[in-house]
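Below, subunit A partners subunit B and then partners subunit C, in two separate complexes.
What follows is the complex of A and B.
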């Protein structure tokens, strides 16, 4: 007992006793399942994007990528997906910060966050029947708003994304706001900072880790919006909602594995590169502080 | 106080909008089957109030659709089992990812985080081809196995375990506990609420799976309950809303327990 108390300076002996290296073996189930379900399939996709599509595949170099980039439908789907991701994630973040502020200043309303979070736990498949009726041509919403057809379908999916993800964005921001030391804000107020300055110069920089987490979550659900799109509009959506996933599923039914592998590889790398850019922008603040 | 009333009311109304779809679904499920079929086919607007209340849809579903219930039970067992596996694996990996610091661990953390943002299709198509090679296509195993581990679970549990004080582990080590004791006496009590949330998230993911059956199952008779509902919009629109409501019930029960339990815990703390 005494020895451990002495060793509390977090030296190697303490670490070896409290965090023995052999316990790392318990990461193995997770890593093994990850390899089986994610890493190996990813590698297969990556490799087969360089092979020709036949029973005896041969190395085809960048042939699949050339075919992919000369396909106008792929560009359309890529453009649609990225546009939707930008618009939906941006709106969700801004609304999330706004609502978190309202809940933060009116504390007795904070239990309402439970209501905002409920849609996260509702499977889209169970509610799809209702959405179809709600967004359909005979619904009360359409009577009220008189929208144009194509843009209405886009807006429906957009609202669906907001409905599903706003709760998590808001609650993350709320947790972040609670974590800010109130004396920093009052010091800013004393210095005569306006509300906008307080938000942009103090709160947002302090919230950037929370925002990062929110972006990861929203991107994750953003690339899964295909599910809702499929449940609402089936495999053949309106042109402005033709996503990369529709493209891939379309080629899957034609069994063109090589082309669809390259399509999937390109899309996932575009998403990852975008994410890394956002990450590095937000990380820049960390370096400035040091 | 007075100037807060209008924003408060607006906020309350806004929050109610978020559960309105569930309430509307219940309303549609409690109207006669012929009217519900018209709503499901988009021929008549949504009923906002159950003016002609009847449980006809439910009684039809209970008496005439045994295959639906067979599917329901089968999927329920699979989803609960898969979610339990996911929770345990995530707690164990999350603990290691949070408390051990070396290059390999941080590499795995980054890889897991990046994997979350990649669309499913890139993983599912090779899985389908592997399943084809092994003769496993159209089995429940191949549908649910890819759901048994998600990087989200491991990363979520990592974030939770980061905040756990080392002293608890230290104490357990003094008592001579190994990893199993650590899991059951320290990690699970610490992660109780997040683990319940993760269980629910994972269950919802399994229960409402759409991408996986589209690619992994070629035979429509093997379709899980979520795709069954999607097909019912054409084949049986008259009971679609009752069936949708029934599939929501396991989730709502669990959610209610979670909220009540949380309320009780909060009250106890006060």
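What follows is the complex of A and C.
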């Protein structure tokens, strides 16, 4: 750390982080808690994925992974999860930016953001009950429209995600817009930039960090949408809503902990790769700026 | 100060002694996932004859709690009474001990209803049956005579014969020009408005017998289409308006003769008789149609009792299992709450729990739902007479029990019926229906 601080000079922000080695001991409780709550359970799952599934597990090598990758249902669940994440996160972000932009222009409407945040505070079970009443197979809408079941259920869950997360996404964007120096926007206007150009060339690049944070937040919530999906459609959703967590839950019900662990390990790596991609885009943006 | 110190030591000693005394108590712990599975009066009483001071503690868990405990290797129970499919899964994963070894006999106990094919894996018995319920049909002889149809032959008529049969309905029995007699009731599922005249159990009959839905599609989809879209089934919603008659009623019970020949005893009577035959009652027992005459099996459900490999009190668990197959237990049935009847012979007595006094009442103790049973209960007993022929007939039917390898929950039915409705509306074609059903079955069964 000292070396980093020296490399960055006296006024570097890293100077604040420099402390004597003996003080490292104060980090131990935090490190221990991290190990206990994150590293150890992950390690146990990782090791379990190499064991046979019985009351006396034996080393099974890559057998569980072989079984997993040869199972069409796992690929289906992975494909569905990623597609849903891309579609839901993308739509939420675009709508969030647009609404934030409107609210930023019409400042007297900004207190209304609270209305968009209400779903965040509602428990999943209430949300699911409400959604079932509104869009379930017994609802008036379904009786009236006779929609295709699978598409309707997909739309229903998609809208639920949007409804639940749009408030937070909009709030983040609004905070980001407030953080932009007004003189930059004024300069852009003076240079004759149109509204679209201001948004694409000035606001969005400056909102980069906020957008990345929003993506990470939405990604976490997207992965957790299984909870609502399970409450709405149980363990047998339509084919297009069969997520990785449904797959994992199925093997939990069948007491197949080894396959469950391998599925979870693979999926955690997929999510990790997604985070790395987001992170590298962010870093690239920072480098370009410099 | 000295006195206070002595007092504390005394108190701690007493508390330890109390805790030790509690630990020494003979407690047999049985895990269940539905409260009704904790009602096993005959087996409990047989168990208490051997261990009068012991306590049976039923613990009500969700399946998720149960699975978590098993996976973590920390089960807090000795025996489990569960739906057959869950138990089979536990046995396959090596969590259960062979029950036949505990009973000190080789193979499946001959005293019980022969369900050995279902309850045996690789020549070891993993559980004993607790209760069996099956779908069966009841034929109304009077209506049949009015229409002039004869009852199909048991264990021999197929769904193709059924389709043929449906063409005679609806029937105008009184000749007023309006149809007033139907073959059966439809299911009338509010969530599936297109299917008001569909019989849900037709599907379960098919589904349970087909490992591969593709084969079902190839052979039977057209037949199924005819059966579910015909006019022979009466829409339940219209029944109150039309006061129509139906020829066949569908039922599900632990024993068909309960439905066909039961009559409640006189108030002052101390015995009960099920001696009336189904022919005498005007209602006759009819086996549901088969898919294949060479494979005679009927869909139903079963709960069974298995012993955990890691059981803490194997002695008590063994005594309970021995109690289940003892003459003491098998001579008794339980009336009013559930009648289990898993013995080969008809019971001669019934525990008559008329007011439900011995029904399980779970209370929250230490964050678990617990129901404790101990010896010394005074349970009213009445003598009982079964028609031997009727009992044998129904037991023969029950031994042809067919159970799917996975538990079809509400969510499975909902999904299956949603796809069928899509198919009915023409939103998806036959191929898509089969593909979607393959998906549902694949998800339910898993790859291993």
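The rule we apply is simple: the second predicted complex is superposed on the first by the 243 of 290 C-alpha atoms of A that agree within 3 Å, B and C clash if a C-alpha of one lies under 4 Å from a C-alpha of the other, contacts with A are read in each partner's own complex, and residues count from 1 in each chain.
Rule of thumb we're sticking to: contacts are C-beta pairs under 8 Å (C-beta built on N, C-alpha and C of every residue); 3 or more make two chains touch, one makes a residue touch a chain.
All values reported here derive from a predicted model rather than from experimental measurement.
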Contacts of A:137 with subunit B and subunit C, given as first, second, both or neither: both
Subunit B versus subunit C as contact partner of A:59, first or second or both or neither: neither
Subunit B versus subunit C as contact partner of A:252, first or second or both or neither: both
Which superposed partner A:237 touches (first subunit B, second subunit C, both, neither): second
First (subunit B), second (subunit C), both or neither touched by A:109: first
Which of subunit B and subunit C A:24 touches, first, second, both or neither: first
Touch count on subunit A, higher of subunit B and subunit C: B
Intersection of subunit A interface sets (partners subunit B, subunit C): 137-138, 143, 252, 257
Subunit A-facing residues of subunit B, complex: 4, 7-8, 11-12, 14-16, 18-19, 21-22, 24-25, 28, 39-40, 42-46, 48, 89-90, 92-93, 95-97, 99-100, 105, 108, 112-127, 129-130, 145-146, 148-149, 151-152, 154, 166, 169-170, 173-174, 179, 182, 200-201, 204, 207-211, 214-215, 225-227, 229-230, 233, 240-241, 244-245, 247-248, 251, 255, 259
Of all residues in subunit A, those that touch subunit B in their complex: 1, 4, 17-19, 23-24, 26-27, 29-31, 33-34, 36-38, 40-42, 44-45, 48, 99, 102-103, 106, 109, 112, 114-116, 118-134, 136-140, 143, 163, 166-167, 216, 219-220, 223-224, 226-227, 230-231, 244-245, 248-249, 252, 257, 260-261, 264-265, 267-268, 271-272, 275
Residues on subunit A engaged by subunit C in the complex (per definition of touch): 53-56, 67, 70-73, 137-138, 143, 146, 148-150, 233-239, 242, 246, 250-257, 259
List of subunit C residues in touch with subunit A within their complex: 63-64, 67, 70-71, 89-90, 93-95, 190-193, 309-310, 409-412, 414-416, 418-419, 421-422, 425, 427-428, 436, 439-440, 442-444, 446-448
